[in-house]
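Labels for the chains are A, B, C, D and E, by order of writing; each one numbers its residues from 1.
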Amino acid sequence: MSITNKVPVGLLLSKTKYELLAIVAYSFAIGIIDHYSYLEGMTLPLTIPTLLGTALSLLLAFRINQSYDRWWEARTVWGAIVNDSRTLIRQLQTFVSPQGSTVISFAKRQAAWCYALGESLRRLPFSDKVKQYAEDYENHTNIPNALLLKHSEEVRMLYLDGQLNPFQQIQIDSTIASLCDSMGKCERIKNTVFPGNYSMLLHFLIYIFATLLPLGLSDYSIAMEVMLTTLFAGIFLLIERTSIFMQDPFENMPTDTPVTALANTIEINLMQMVACEPPKFAPATTYYQL
Amino acid sequence: MSITNKVPVGLLLSKTKYELLAIVAYSFAIGIIDHYSYLEGMTLPLTIPTLLGTALSLLLAFRINQSYDRWWEARTVWGAIVNDSRTLIRQLQTFVSPQGSTVISFAKRQAAWCYALGESLRRLPFSDKVKQYAEDYENHTNIPNALLLKHSEEVRMLYLDGQLNPFQQIQIDSTIASLCDSMGKCERIKNTVFPGNYSMLLHFLIYIFATLLPLGLSDYSIAMEVMLTTLFAGIFLLIERTSIFMQDPFENMPTDTPVTALANTIEINLMQMVACEPPKFAPATTYYQL
Amino acid sequence: MSITNKVPVGLLLSKTKYELLAIVAYSFAIGIIDHYSYLEGMTLPLTIPTLLGTALSLLLAFRINQSYDRWWEARTVWGAIVNDSRTLIRQLQTFVSPQGSTVISFAKRQAAWCYALGESLRRLPFSDKVKQYAEDYENHTNIPNALLLKHSEEVRMLYLDGQLNPFQQIQIDSTIASLCDSMGKCERIKNTVFPGNYSMLLHFLIYIFATLLPLGLSDYSIAMEVMLTTLFAGIFLLIERTSIFMQDPFENMPTDTPVTALANTIEINLMQMVACEPPKFAPATTYYQL
Amino acid sequence: MSITNKVPVGLLLSKTKYELLAIVAYSFAIGIIDHYSYLEGMTLPLTIPTLLGTALSLLLAFRINQSYDRWWEARTVWGAIVNDSRTLIRQLQTFVSPQGSTVISFAKRQAAWCYALGESLRRLPFSDKVKQYAEDYENHTNIPNALLLKHSEEVRMLYLDGQLNPFQQIQIDSTIASLCDSMGKCERIKNTVFPGNYSMLLHFLIYIFATLLPLGLSDYSIAMEVMLTTLFAGIFLLIERTSIFMQDPFENMPTDTPVTALANTIEINLMQMVACEPPKFAPATTYYQL
Amino acid sequence: MSITNKVPVGLLLSKTKYELLAIVAYSFAIGIIDHYSYLEGMTLPLTIPTLLGTALSLLLAFRINQSYDRWWEARTVWGAIVNDSRTLIRQLQTFVSPQGSTVISFAKRQAAWCYALGESLRRLPFSDKVKQYAEDYENHTNIPNALLLKHSEEVRMLYLDGQLNPFQQIQIDSTIASLCDSMGKCERIKNTVFPGNYSMLLHFLIYIFATLLPLGLSDYSIAMEVMLTTLFAGIFLLIERTSIFMQDPFENMPTDTPVTALANTIEINLMQMVACEPPKFAPATTYYQL
């Protein structure tokens, strides 16, 4: 694992700049009010905003940990997809007898399934490899699910033709069920909205902190007050934003799970397993790669 | 995942307003007693309430993390229900031979099971789709469990008629057992009372903190004392309340697991799998949606 | 989930009162020694006990989290028992053919097993329902294990009589193995002593803290010293005690896993599944209920 | 669960006394240098060592939590061994037909396996019960693994003799595979060295803290400086040492997983299951017992 | 488990020395600017950098915990490889009938697979034991996957020859699928880049802290300012670097998962199981050993 990947800082800033501007404006306003109004005489011991800052740091540290767990789960699920794709093809090669070109068509469909799942999760239009399969399932809103159904139908045919015995059919069915589980887990991570009141609570506490901090710095110049308030509020916002980025690992952004690269790896593995020429992939030039 | 969902702030406030009022009254009383009574000369270094505040923040941060885990587990269990519902129908389509209208009736019953489970968990009356099934099981207090039993009875019939071989029966039975597990997990999350002495401890510490803080602020005006005490006690109460909301994900509230939306998704998927016209759903206008 | 359950405060206090008295006496002694002895001139910056208090809060927060995990695991295991009990009877109903009164006797024995396990864990004498089974296994020290063995023997008979095919026997055996796992997990939670040196460390740090705090409060009256020391030591002891309560969820106390209520639920479910009249249970008047 | 077990304090001290002496000497040296050398004028705000102390407390709290998880995992694995031992014998009793003395020999070998595993993990010479089996496997370095192989060979014989059908053979093989997994997990916990640079980091930070603290206490007497430094460094060392004790649960020490007591329990259970007279065990007089 | 392993301190320093130099230079520059420029009059209460330092400590403590989890997962996966390797050979010995030299060739290939996987993960050239197998799979980019395919093909032959019954084939296939899962998990841990914006956030906060700290120490000499800033920044960098080391457990470094030693252990076990002479291994002289 390397940590040298370029993270487009511009992207991160572009997403947080309005919030940062808001917090600067807010800190400035609080600073002004604090100095030139009836609040002038109102001071706080600095311990008070520090206590709130400590509590907020704790909550944000847990928050970023929860996002990390979610990001890691997404990556783990795609790891399971790699494993189950290989296992599916290995099982078919071991079990089907006599063996014609069936396994090759399974391998191609499985590779297409990986691309289809990745593209569905990222809400992208299907690529060419997937389109040729998707056309057969126009009445399905969930193309990856339709492809798994097609896998199962082919397995049924192989069983009815006697190319698979009953045990082998069940064993392959279990592998397909495992792929179905992984698909559903990705959809869960994609579609689950982070609890709204929890998010709101953290956001609200950042603003409370930005309100209390200037009152605790009344002995210092207004420039210092505004600068420090902006700095700390900005840091807390940045931690919050980093959490939000990490918890959404299928958004077609640099911190994503690298679904395209993983699907490429799977395709190469499967093609080599069935002794087909694997496709060549240009080295990825953008975003994270496996 | 989006975090833009509207959380009805009114709802959150309506649930905490009495506690907030209580804490304001309490802080005010403590402030008054502190200033105008024999306690006037009694002061504390501010470090003392700060230490308690830090300890309380730690406990609340762990507390909110435990609630988050519970919320996420609930969502994971419903994710598993999505997966197993699809797997059940895919297995039936692959295994049953010759295939009549049996699989369609399974798909409809499975969709009804999802609605029935969601409505039971939320303690709602059954909707029309569920009622037509529920009527057959009047002597059952647990309708979803009765529907699973019906699934199994149908599988038994298919096996006895020779439409399923013994292996296939076992494989489908495993999927039904997995649905039964998910059902039980939902019931566990719904019915498990959070340990009473742990809740009480946190609540008690918030009030202790609200008692100590004014003593540490004796150098400041009584208005400041009451304001800060109310603010901090309010923040701690809000964190506690957010935990309580999150840990109960089947209460028919905005932070719920979106069981209706999930059941809609499952119904559409299953109907498309068995080539039936899926129902149309009006876009949800309230609460969280998948 | 509700948090309104009454926790008998008296019970909690009765368990901690001696420790609280000890800590009051200890704080008082330290306070006296600090004021009226050669230690009078010995003062500490308050930061020093605060640092120790922060470290102690951290350790106790992790400690209470570990206890919570253990409590939640106990509840999860009993959730699995609910699921597997239903699955066992559903499988028997689906598989056994022709079906006589066998399944009913299984359902009754399974309900008895749940009561027997709960009562063993709580070290209570067996109730009447269990006794009629227990009498047959006088040479067994572990009655629930003996009942599982009886289940298996009956399954063996059904197989030898041809009422179950080989696959069905294996599938039911897996469910019984899962019940056996749950039983063992409960015994593990019941019997595992919390690491002694870890407990001791926390207890020891509470007393160190109670020794340092008065030295940091030398500027204040002895009454204040003793009061604050008692308060903080008491709070830390209370957190520790709450952990100890939670980590022992089978002690026949209010914070227990509600094993009797869960066994009642299981019995009702199973009786309805086999179309028997379920027993009526008086509403529980004491302790936690499902 | 009780927390009243005696932990031989002498043992704990005997392991840490040299480190404690080292830290006293070190603190004393730092104190002397601080007072009587060119460092005399060098002071620090106490906030600086406090910040380091807070960071160190955090790291140590996570560290002790990781050790606890490892200790609990060890206990969980032995719980699984209890369950699988019972399941193995129950399966053999249910499946083997006709049934001779085979199951009894399995039960005895399984009990011996438990002792053999426990003694291997603790690097003890084999007890008499194990020796009579171990003699047959002189060319094996891993006796428990050899006993599992023997189990499997006997299962093969039963299958070839027709006393087990193919399904039953597979089911028993799965239970043996599960025992093999538990064995490997124990070996992993026993043999995995805690990451050296992580341990070193914590140790190093304790010494840095012991260097900074006296500089922050320059206003106080040298006796106080040395005493407080020793106290805090000692507390941090004690937390570290408690972690190290807990993370090694197979070292034949009081905080161990009670493998002998667990093996005794298993032996009694298995003997009662096969209707043999279970051995009598003298109540354990040393170390933790189940 | 021992913690006495030598960690080449030189190695750790060689990796961090440039960062440490950079932070020294940076602290020095900030110190100079702070003293001799228009910032001279600019001071901060020390509480402000302390608050940031606390937040940073929290984030780093969670960070190191995440790395530890990853390191432990890698070790757990290799533990599963040990278990499944033994199980695979035990199953083949139990199932194959009549038994020729087939099992021995499986055992040798399985040992080679372990070496091949370890060497692939560490990006090392294949050792001699692996090369003799790798030559047959020149068109495969993933040699361990090709070896698993070879396992499966051999199992297929045994089944077609009647040396394995259908159930036994499935059971062995499950074990191979489990090895395939472990392989994929290792690849996931090896190839997953830690989220870039999360790493960047922590790094960025360390530099912000190093900027604020001198402003909070304006009352002290510039030497003290630079020394303390360097010390704290260095400590935070060291914690960060320790995390990075731990999270990459397949980099052929001392903190690695000891894949070679584990593969040796597996080879010895397997050879003894099939009654072959196990190889002799010289005691490892470098890096961690099992």
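The criterion applied here is as follows: a contact is a pair of C-beta atoms (placed from the backbone, for glycine too) under 8 Å apart; a residue touches a chain by one contact, two chains touch by 3 or more.
Computed from a prediction, not measured in an experiment: that's the story for all the values here.
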| item | value |
| --- | --- |
| Contact-graph distance - origin chain C, target chain E | 2 |
| Partner chains shared by chain B and chain E (touch criterion as defined above) | A |
| Distance between the centres, which are taken as Cα means, of chain D and chain B, whole angstrom | 37 |
| Separation of chain C from chain D, taking each centre as the mean of its C-alpha atoms, in whole Å | 23 |
| Residues of chain E engaged with two or more neighbouring chains | 47, 50, 54, 58, 61-62, 167, 170 |
| Touch list for chain D against partner chain E, complex | 42, 44-45, 47-48, 50-52, 54-55, 58-59, 61-62, 65-66, 139-142, 145-146, 148-149, 152-153, 155-156, 160, 166-167, 169-170, 173-174, 176-177, 180-181, 183-185, 187-201, 205, 208, 244, 247-248 |
| Residues on chain A engaged by chain E in the complex (per definition of touch) | 1-3, 5-7, 9, 12, 46-47, 50, 53-54, 57-58, 60-62, 64-65, 68, 71, 75-76, 78-80, 82-83, 86-87, 90-91, 93-95, 97, 165-168, 170-171, 175, 217, 220, 224, 228, 231-232, 235, 238-239, 242, 245-246, 254-255, 268-269, 272-273, 275, 288, 290 |
